[in-house]
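All remarks here apply to the structure that follows.
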Amino acid sequence: MIPWLAQAPAEPALNMWNAPAGTPEIWIKVGIAMLAGFGLLAALIAAPTRLRRPISAAFIFVAGLFWVLVFLFPKPIDSQTPHDQRPSGFVQNVSFWLADAIPVVSNFSNILTAFILGLGVFSLMRIHLMRVAKKQTDWPFSIVLLVSMVAMATFGYWDWKTRLDLGGAKVDEAWPLAAYGKDLLFDGMLQVMEAAMFSLIAFFILSAAYRAFRIRSVEATILLCAALIAMLNLMGAVVVTWDGMIESFGKDNAFLMNFTLSSVAGFIRDNLQTPGIRAIDFGIGLGALAMGLRLWLSLERVGGN
Amino acid sequence: MANDKTIWEKLQAIDRRVLYTLLMVIATVSLFFKVNVPTKPGQPTKDLYRLLVDADALPEGSTVILQSDWTQSTRGESAGQMEALLRILMRRNIKFALLSVADPQAPLVARNVIRAINLERKAKNQREYQVWEDYVNLGYFPNAEGTSNAIAANFKTAVAGRKETPPGSTTPLDVFQSPVLAKVSKVEDVPVYINVTGSKTSNILIERLGGRVPFAALVTGVMGPETLNYYQSGQVKGVAIGLNGVAEMESLMEKGLEESGKPPVQSFAGETNYGRGMAYYLALHTCLVLMIVAVVVGNVAMVAARKKK
Amino acid sequence: MQSESYPIIKLFVGVACTVGLYSVLYRESKFYRFFEHMFLGLAAGWAMFALWGETLKSTWWDRMVGSVADEGNPAVPGYWAWAFLLPIGVMAYFVVSKKHNWISRIPIGIILGLWSGQQVQVWFTRYGPQMQSSMKPLFPTTWSEFITPLQPEAGAVYPAQVIGNLVFLLTLLSAMSYFLFSFETKSKLFNGMTTWGRWLLMIGFGAIFGSTVMTRFTLMIDRMYFVFIEFFQQGLIPLIGGR
Amino acid sequence: MDGVYYEKGWLGVVFTLMVAGFILLNIYRARKTSGKLFIRRIPGLNAIDDSIGRATEMGKPVLMVPGIGTLNAISVQALQIFAYVTKTAAKFANPIRLCCLDPAVYTVAQEIIRDVYQTEGVPENYDPDSVRFISDRQFAFAAGVSGIILRERTAAAFLMGEFFAESLILAETLNSIGAIQVACSTEITQTPFFVAACDYVLIGDEFYAASAYLSRQPVLVGSLVGQDWSKLAIAATILLGALVNSADGLKRVPDEAKPGETRVLKADEKMITNLFSPKKPEWKPAGGTQ
């Protein structure tokens, strides 16, 4: 079947779906495709109101259909079979085509999300530019935000460009200004701040535990005991001491061995925690599947009205 | 007595900031003591160690896929895991193809760890790991689900077009020309698929790989319970969980592994085995003690206060 | 070559950022606000870069226009059909329009559709094995010993294990029964089961809480290591001639 | 099919189709009975109105966070619940803050919230800045939202969706200013923290039940019933499988290795194993071509 999105770059045979890079041909084809796409957009703008729901429903359905087919359609055992050795016939072709298409289709969502990211950044800029313009509370901080945003974007691209032109290895030797800027802003600040924010949880977990783990209700008490055992089992020193004590009573006594901290924690984990998680997980999985079905078949409306 | 009633009530409501300060001080102070805290490796870690070091499970010189999905933000646990893992792989001359799906920075972070371990080997004048010869960096792939799907369906096309520059050369070549991936075209071709992750990419992989290749995971403590779930159902062959996992790995590397009914697994005694794991392990203990004490105090105070009423 | 003084400067800046964010533990202040906004700005700036540099360029543009041959690498033709993704992405921006905001539902719909379809595809891959592994044997195969011996016979199921398996199964079922929403029953057994289910869930939660504490503390310890060992002990003290 | 294809194991396909069937069938049933199917009370949800009411009294905004997942059913589900919350808030002209991490989610949120204000007949009260894109990086997002919480002193907060590590940062920050919190994470690893730090917590798929419970839309109610049927089916399958496995465990077959002796079944000889994880057949391309 037709590799219309380069499903199988294994054989770059030229056909109507592609064109050699750097030639006018590819640019023309891309240009036409873009025009067609925006033509479609224009058509949508003109579309009458009653067609709106069916149109968006159709898009959702087709998008979902791909994965459903991948699931239901017979799958080739070895999707890497060279094309000349592949069995012919409609069913086989379709199944191999699906298998080849997976790596391609997998990218759609995050390409689209990337296009949409502009919206988010735009709203961020709008809010803060307004603040500065209207001198609202904290407007100086909005300036800080905008400046660091511009700085990071600039150095990001600059460094990226230099690496493309000179090659990464050269840049790592020469360390031009771009490299300094990007390294300081990204590695030196952004990444460190993320780690710092992440580590704040340690403090919150302490205060939360101190507040919540009180033997007030049955539930709180159970929570408390389970957590204590789990925490003790995290401390190698404690485990070794406790288990050592047990073993001192009789190393080959199978019954006693059930009371080593690791076995107790293990028992809780395997026979109480695992099934508990699994039960929740079944529910969540079903919920997701059900919601997926409802969205795919447009049974559920996304949005208020 | 009026005033110890107030004490009990005070102890029931210690100010957050007091607890925070205590935690910070205790953690910092413990870092300055170098102690090898004893450990008792759990079965998941033992299985992981066996999977990585046992010659039958992972023959010398074979290639593994190493998916590194962590960055600065989980450095505390993941870095230790990565270091321990790389020490083992390099000592056993296991080639590895490095890739990441979680974060664009992950490959860079991973490369820094490789560099660090290489320096360590250089200092001991052992052979340094060469890019292209011993490992290739396939780089970052956006969209975890999609990539895992693609890799499971067809590894070769999933990572097609990724290039790496052989030493001495200046022109990047297709990674599949390298000694590392020469014999690999689908995931089934590698003896083990390893994932060092700070997020849930391991779950995604497990779902998509569907047991086509033995899967080993080194995950953060948070992901532990979920991953153990898959370990129970045999979808993961071995797991190291969090700092504990690191400390256990490190002591296994020091002492080797003896299990009843299974062949013993070698140790790497005499090498640098204790690393970041042990460096942090004492602090972890003291912090946990603080937490337990805080909880106990809170409860005792509550009960005592009730008694008074 | 990187300048000598750069690493310590970088460390210092990093420490400053860490302290800045930590200050929120005491209270929200202008100091924290400064670093918070800087943080958000840097993140947004990086997003603006990563948008092209790390996503679109490699996963979209290069595939669309292809690449010419250079030493060792064959030319890859471009596939023009990729071009359609741009207009579709642009449709999302119609959300700001009062009149045509419905058009934004098309890219949204495609993303949701793909996700939904995948649910169908992965559901059993994920839950099948979990079901399978929950089917633990409920009859002992041997009565030679009640408690599992330290060297158990291969493939044998001991009475003690069976008890464990029963606990497992009962936990699973009662926990699942807690999540039945559409059944109205006066049956004592069922309601008892759901209550038990909730308590058993709490055990699981407690255990998760406990094991999660490790990660959280470790990351904090790591930050302390960064500030006090990497910066002060290894960076600053040698610099000011201390030893 | 001529040895070219995976024996994917018919069970997976059949089971999935069965579950889908249950859900669709019950949606159909519910539509006929116009949603008059029973749903049990879900405690956390009754708190929604109270907490909004309190926020109104204090004249403080209501905070909503649809998790930090990408655009998928979970975030959409969260937004559906938030639509209900917003409806109530709009009645009292109470300010809201909806903070998003994923730009696509942000897009949907904008549309939904604007819709709500329109259907409530107060489009003029809709403030485009009330739905915000904070950052697409997890911890920058956490820092930003914490900032908003501490500065604007939100009185009520709804944390629902895919939450990861940031869950506790938000929950404790909210707790430190004494805001009422209704929380739920589909990430089981985060639920314990919500349980410890929040006032009301929805566990697991109570989250999916929520919008059915709130809106009583036939489609949602029906699908919820369908999910319950599927849960029962899963439970039954597990019980049955356990019994079959036990029976297989007792079986003994003649041992090939030691003639005259018997042995227990190997894993791949057990019925359940073959049903759930059938072996992948060998196939050489050359042989397979027709």
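Labels for the chains are A, B, C and D, by order of writing; each one numbers its residues from 1.
The rule we apply is simple: contacts are C-beta pairs under 8 Å (C-beta built on N, C-alpha and C of every residue); 3 or more make two chains touch, one makes a residue touch a chain.
These numbers come from a predicted model, not from an experiment.
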Per Cα centroids, the chain farthest from chain A: B
Pair of chains ranked first by number of touching C-beta pairs: A-C
Core chain by centroid distance, with centroids computed from Cα atoms only: C
Centre-of-Cα separation between chain D and chain C, whole angstrom: 15
Between chain A and chain C, centroid-to-centroid distance (C-alpha), Å: 8
Chain centre separation (chain A, chain B; CA means) in Å: 20
Chain A: positions in contact with at least two other chains: 9, 71, 78, 105, 107, 109-110, 112-113, 116-121, 124, 186-187, 190, 192-195, 197-203, 205, 207, 209, 211, 213, 223-224, 228, 231, 234, 269-270, 273-274, 277-283, 288-289, 291-293, 295, 302
Shared-contact residues (touching 2 or more other chains) in chain B: 16, 20, 23-24, 73-76, 142, 145, 161, 211, 221-222, 225-226, 229, 232, 244, 284, 287-288, 291
For chain C, residues that touch 2 or more chains besides their own: 21, 24-25, 33, 36, 39-40, 42-44, 46-47, 50, 55, 59, 76, 92, 95-96, 105, 107-108, 111-112, 115-116, 118-120, 123, 125-127, 129-130, 132, 134, 150, 165, 169, 172, 176, 179, 201-202, 204-209, 211-214, 216-217, 219-220, 222-223
Residues of chain D touching chain B in the complex: 138-139, 164-165, 176, 187-189, 277
Touch list for chain B against partner chain A, complex: 14, 16, 19-20, 23-24, 37-40, 42-43, 71-76, 105, 142-143, 145-147, 149-150, 153-154, 156-158, 160-161, 165, 170, 185-186, 221, 225-226, 228-229, 232, 244, 247-248, 281, 284-285, 287-292, 294-295, 298-299, 302-303
Residues on chain C engaged by chain B in the complex (per definition of touch): 25-26, 50, 54-55, 59, 70-73, 76, 118, 122, 125-126, 129-130, 132-133, 150-151, 204, 207-208, 211-225, 228-229
Parts of chain B lying in touch with chain C, wherever the complex brings them together: 16-17, 20, 23-24, 27-28, 30-31, 73-77, 79, 104, 140, 142, 145, 161, 163, 171-174, 177, 207-208, 210-211, 220-222, 224-225, 229-230, 232-235, 241-244, 260-261, 279-280, 283-284, 287-288, 291
Chain B residues within the chain D interface of the complex: 16, 73, 199-200, 211, 222-223, 225-226
